[in-house]
Amino acid sequence: NRSSSSDTAAGGSGGGEESVGVTLITKDSTNPFFVAMQNGAKEDAGKNNVKLTVASGKQEGDDQGQITAIEDSIARGDKGILITPMSTGVNAAIKKARDAGLYVIALDTPPDPADTVDITFATDNRLAGKLDGEWAAATLDGKPAVIALLDLFDDKIVSVDYNRDQGFLEGMGIDVGDPKKNGDEAKTGKYTGGKGGDYTIVCNEASNGAEDGGRSAMERCLAKNKDINLVYTINEPAAVGANAALKAAGNSDAIIVSVDGGCAGVDSVKKGVIGATSQQYPLKMATLGMEAIAKIARGGEAPKPTDGLDFFNTGVKLVTDEPVDGVESIDSTEGADICWGK
Amino acid sequence: MSAERLPLTHDAIPESRRHIYESDPILSARDLVITFGRVVGLDGVNLDLYKGEVLAVIGDNGAGKSTLIKCITGAYVPDSGTLELEGKRVTFRRPQDAREAGIETVYQQLAVIPALDIASNLYLAREERRPGILGSVFRMLDKKGMKERAGTSVQNLGIQTIQNMGQAVETLSGGQRQAVAVARAAAFGSKVVVLDEPTAALGVKESGMVLDMIKQLRDTGLAVILISHNMPHVWEVADRIHIQRLGGCAGVITPQSHEMGDGVAIMTGAKTLEPTA
Amino acid sequence: MTTTTGSAAAEFSRRQQSPLQRLQHVLHGRPWLSPLFLLVVAFVAFFIATPTFLTASSMGILLQQTAVVAALAVGQTLIILTAGIDLSVGAVMVLSMMVMASLAADGGMPGLIALLIGVALATGAGALNGFLVTRINLPPFIVTLGTLSIFTAIALLYSGGSSIQADRMPRLLNFLGEGFGIGAFRLTWGIVVVALIYIVMGFVISQTAWGRYVYAVGDDRESARLSGVPSKRILLGVYTVAGLIYGLAAWLLIGRAGAATPNAVPDANLQSITAVVIGGTSLFGGRGTLIGTLIGALIVQTFAFGLSQLGVDQQWRYLAIGVLVIVAVAIDQWIRKVKA
Amino acid sequence: MTTTTGSAAAEFSRRQQSPLQRLQHVLHGRPWLSPLFLLVVAFVAFFIATPTFLTASSMGILLQQTAVVAALAVGQTLIILTAGIDLSVGAVMVLSMMVMASLAADGGMPGLIALLIGVALATGAGALNGFLVTRINLPPFIVTLGTLSIFTAIALLYSGGSSIQADRMPRLLNFLGEGFGIGAFRLTWGIVVVALIYIVMGFVISQTAWGRYVYAVGDDRESARLSGVPSKRILLGVYTVAGLIYGLAAWLLIGRAGAATPNAVPDANLQSITAVVIGGTSLFGGRGTLIGTLIGALIVQTFAFGLSQLGVDQQWRYLAIGVLVIVAVAIDQWIRKVKA
Amino acid sequence: MSAERLPLTHDAIPESRRHIYESDPILSARDLVITFGRVVGLDGVNLDLYKGEVLAVIGDNGAGKSTLIKCITGAYVPDSGTLELEGKRVTFRRPQDAREAGIETVYQQLAVIPALDIASNLYLAREERRPGILGSVFRMLDKKGMKERAGTSVQNLGIQTIQNMGQAVETLSGGQRQAVAVARAAAFGSKVVVLDEPTAALGVKESGMVLDMIKQLRDTGLAVILISHNMPHVWEVADRIHIQRLGGCAGVITPQSHEMGDGVAIMTGAKTLEPTA
């Protein structure tokens, strides 16, 4: 439901006001998460009389693309920027934008340090992973865990990648080594989440966050150990691919957990393909961000971070149809209503 | 329809060969002009070619001989000028067009494909297919047959040093390569065969065999254009000699009307040819 | 054994050949033997190093993983043989895939019609590349660099960036992902299609006049033209056929991924080119074979798969593949150069 | 005006030239004029379309945005002139950047030494490419495809994937990001460095024997070799110099981004190649100019910037850039072909 | 140190030129062997070359003439065999080595760079720099000077049809291109000049000028190897004639000892040469 955004928008925006230039800069334009963000923002732009320009890096890792987009926005005379910062490599450019008088809001990924931007509307990727881990540990109910980790990339290291992966392991109650490095934890040992039990990590494989990559990654894991019963995936397309590989290998027992909670992903939960997914709300981030900038540009007040956090939390919810004790969750019907934050 | 004939120096042609010039020319070029940037390639050249004759084209280096035959055979499209084949206006936009019209050419740069073997080069764009369904439906090449026939063609030109017919043309010696190109033209020409310095890289014996081949082609009624810097060769086989100079035509002579020395003098500009009526 | 022509030539080559020279001769005629050798070495090495590598099910999976790139690499081989290059291969495939999936899923079209439209679109995209290369006379690198952006953008704009799950599509579109097999060795229909593509195109380029023209145009376009080869028509044909193959690869990919996504196989161009080049085809055109390409595709996939079975870390694996590419081609060069 | 040699030649070229022919002649000698024409057209069009385009500050930004790719494209031009290609350009730059940043930030080295080590490393990486190309005789595409993976992996393993902020580095490493300017038109020292690279290398390739050898080796390596050109040494030199330039680009990039990040400029290879090719350099080697490359880099950036000033969305911008690449080269072809 | 001399047919050399053979050969090749896969290129060839002489090499197409001189000038590295220059063992791994040792070569395929202009090609790898600091420190080429001198060199060979010295070599006619290659060798050879069919594409006048050039080079004390299929040319300028046949040497004759017809007969295998003591 969109009530939250239209409530606030109702206050100030009228047809007569001058339009406010805003640029939304995502990491790339193919990840469904960012696509949802862009599409949602475009739909809502008219409501706040915002003139929205959508830009992004060419692909994950393209700092220069984001820097260029920030500079373009400054030159265009925009009032504010919504950005999912690629890395600390764009901090300097963000600073330039703020110096030029633009209001900069980080979406999804909090920059490092957090005060690089005016405010962050984000979810906590680590928490998203953690919810998956906790749910998985509880669901296993003491059985040994044979885990496949389907990460994002092997040719770059990005924060979503390790935050979700390592968060998942933490949720399982497995000691991670370097919290910013995938794959350096002990390959076997005991997990302490839920009832606790033995675990084996079979593999870390890159999936590129897409179905075909997810499938190939899962196949490699299965070739190493066909008894995998728990699969962490970086996002739902990868989970769909993993599921295809599991099915082809005749493995119907494995539980898949994922992150994003996109509309298609929630549907997968409903069909039982995915056991649980941590839902995030990119659309909410974008619309709230746009509203905030429009408001400030028209003399309104700046938004405040959520109490006790250094960012405005747009929240994470675990979506599953098999809830477990001790892990708060919503079911797939509810999840479908608010998928992507609509 | 067809263009007016160019004047012929009839009396300089031996009685026995005059009959050639009674029919209309098979190929006529009029006022061919081509420029490359600010370089003038051809400056309004006319040419008539008759069935059964050997027309030699001589001229200094850079006189425009190769450019002339390229314009006739579709390798270049002239800036202006007309071409008639058997009395009908034709425009060749590509060498393929000329080939299809029955004009086979050996270019000075040979135009062989380095990586392909001898047989493939000989039959390039003239491939023969297997008999039966393999050829007609599956369009399968008759590799073995082509290889055998290619071997014969090349040997007919006296090249006996080729050790392996499957050798890529890039590994052949200069003369062997030229023999491949000449053999190709000889095998497929149906109306006109154009040879741009076909014996430049060939040995004495091999050159002689090419000259014999030219005579044979002529005797079977084809028209041959021969470009050569070898005056004895030219005077041996040519019926008429077109002298190219500085992009234009300095005149047409015959081996009977002029000595070799005169020909060379005209082509270098030491002498000029009085226009004959 | 040797077709010596004439006695002079026979006299010429009376020398004895050493075994090494004979090996070299064999390799010269069959340049794909040396990548094959590398592939065999890799198989043996991985077989010794890890028990999970050379199993029936692993082999089936290896083939399935290779299928899409192997299919794309056929089109890429044709184009590279003509001294071109195709950077738009992945973009064409994705565009075709999104269109066929969305026509069937959202447009409610019967699977066959959606499939045919999708493949026709890919063919048209290839023909567009060919048109720009032959008529406007642009370098293939430029053309496909441009159409890479164009087709990618269109696919994204058309699909709105979102993917279409297999269960929303008719079975036909998914059919190539379905399998059959003997015991644990499972093949998919997709692999059969790829095998057919290789057989048909392998026949065409090695046994027909068209194939010979492809080599001729690639080796020396001007000489081919002067020899009467209709070089523009051949080039246009090559790009069009390549497009058709990319369309089939799109079908394959739906079956493989179980969905149509706009960001599938993001590095399809580099992957397919790598397969072609490791397979011994020259980027300067005119020299190469399809069987080499197949082996090239298999080599890369075998290494990636084998290293992952060994549990090598991802970044190290990435490094190892880089080394592999160089070593593979270096060995190839070395073997061919062996002299007595 | 014309250096006609001898009376015969003079007689030969007595024809009058039409104005179009003269234009064609001018363009023939200066092939970068036609991309320049396109650049000017783009400027005029964007000037009319949006008020924010042709302002002093926008122009400064445009130059800054072009700088890194323009620098990389110099090395790429050299390599493409020798009929090679460099896919590892971005990887070399990133590796060098991470090393110089981390030596200074984590290793506590003085800025100058860290910088020199970083640049030396890039030079060495270039030399390694050159070594593989000349000594092992591998195709440049393969070599740099391999080292692309290798250098990228090393940079990731070395840096652990984390970036280093400018404030942790000595000022020297950031210096090229600092600016100066007249009013709103701000330039950075980085732009000055890029300009110097162009001037020096432009001089070298057009005025020295070495430059001539680069063209000769690229146009016909075998003939160059037979003519006595030390082709291997020249090639090795080209790759090494290119590496050096990538090292300078790494320095530039730190200043520009205000940080050293291991994933920076992921499509540096395509971007730099695009600039080179739009600038009129032939991928088959032997033909091209550096000034063309600079214009090529500017054209792409101008379009991207101009379209973004118009508020065109990303996907549409990709599409437009794709069309641009094709149209730019098509216009170039067309202008050069103009005949009276 | 140096290899044993090959026997000379002294009596067949005219008195006036015998002095040439009194000093040691400037270049000696012994037992050169090279194979290409299963193709035999050279099968153990010996050759002596003396200062001030013109040694012609003749032979059928594919006899191994070009291969022979490629092995001598560093273009190929022979499988076995030795090379001595002025009595010292040398191995040329690249043409550059031979060039630096004073051997200048015109290869049959010319080895010109298509995209470079005439002057650049003439001076390739022999560039001249500007005088003064521009040349010594900035290593700047003397483009204008080279262009002028190149123009003179090419005209000295009688090529007057070149309209623009800035033309790329790829736009030249076959003969013009050959003239550029020959002019280069003539200008820079310091000890030995090797010419592989230098007049193949040249006109009558231009060929004559190349022959004159060869004589001049010989008279200034250089050694010249001339490969040609043009027997009259060979008999005109050669001191001795090396006959290459089927990858081996069929003997060395002189224009005085044998008629042209005999030479051709030996080279085609119709006659064999009795080994002279």
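First chain written, first letter: the chains are A, B, C, D and E, and each begins at residue 1.
Everything below uses one rule, namely that a residue touches a chain if its C-beta (ideal position, glycine included) is under 8 Å from a C-beta of that chain, and two chains touch if they have at least 3 such contacts.
Every value quoted in this text rests on a predicted model; they were computed, and no experiment measured them.
Chains touching both subunit A and subunit D: C. Farthest chain from subunit B, judged by C-alpha centroids: A.
Each chain gets one centre point, the mean of its Cα atoms, and the points for subunit C and subunit E are 47 Å apart.
Per-chain CA centroids place subunit A at a distance of 73 Å from subunit B.
Spacing of subunit B relative to subunit E, judged by their CA centroids, is 31 angstrom. A straight line joining the Cα centres of subunit B and subunit C is 43 Å long.
Touching of two or more other chains is recorded for residues 38-40, 109, 160-164, 246 of subunit B. In subunit D, the residues touching two or more other chains are 2, 8, 12-13, 149, 152-153, 156, 315. Within subunit A, the positions touching two or more other chains are listed as 29, 59, 155. The touching residues of subunit E, counted against subunit B in their complex, run 36, 38-40, 59-63, 65-67, 108-109, 159-164, 167, 171-176, 179, 197, 200-207, 229, 231, 246, 264, 267-268.
Subunit D contributes residues 52, 55, 57-58, 61, 64-65, 68, 149, 152-153, 156, 160-163, 165-166, 177, 256-267, 304-305, 308-309, 311-315 to its touches with subunit A in the complex. Those residues of subunit E that touch subunit D in the complex are listed here as 75, 94-96, 99-100, 105, 107, 109-116, 120-121, 124-127, 129, 138-141, 147, 151, 154-155, 160-166. Taken together, the subunit C residues at the contact with subunit B in this complex read 2-9, 12-13, 203, 207-210, 212-213, 215-216, 219-220, 222-230, 286-287. Put simply, subunit A touches subunit D in their complex at residues 21, 29, 51, 53-56, 58-64, 67-69, 71-77, 86-93, 95, 155-158, 162, 178, 180-181.
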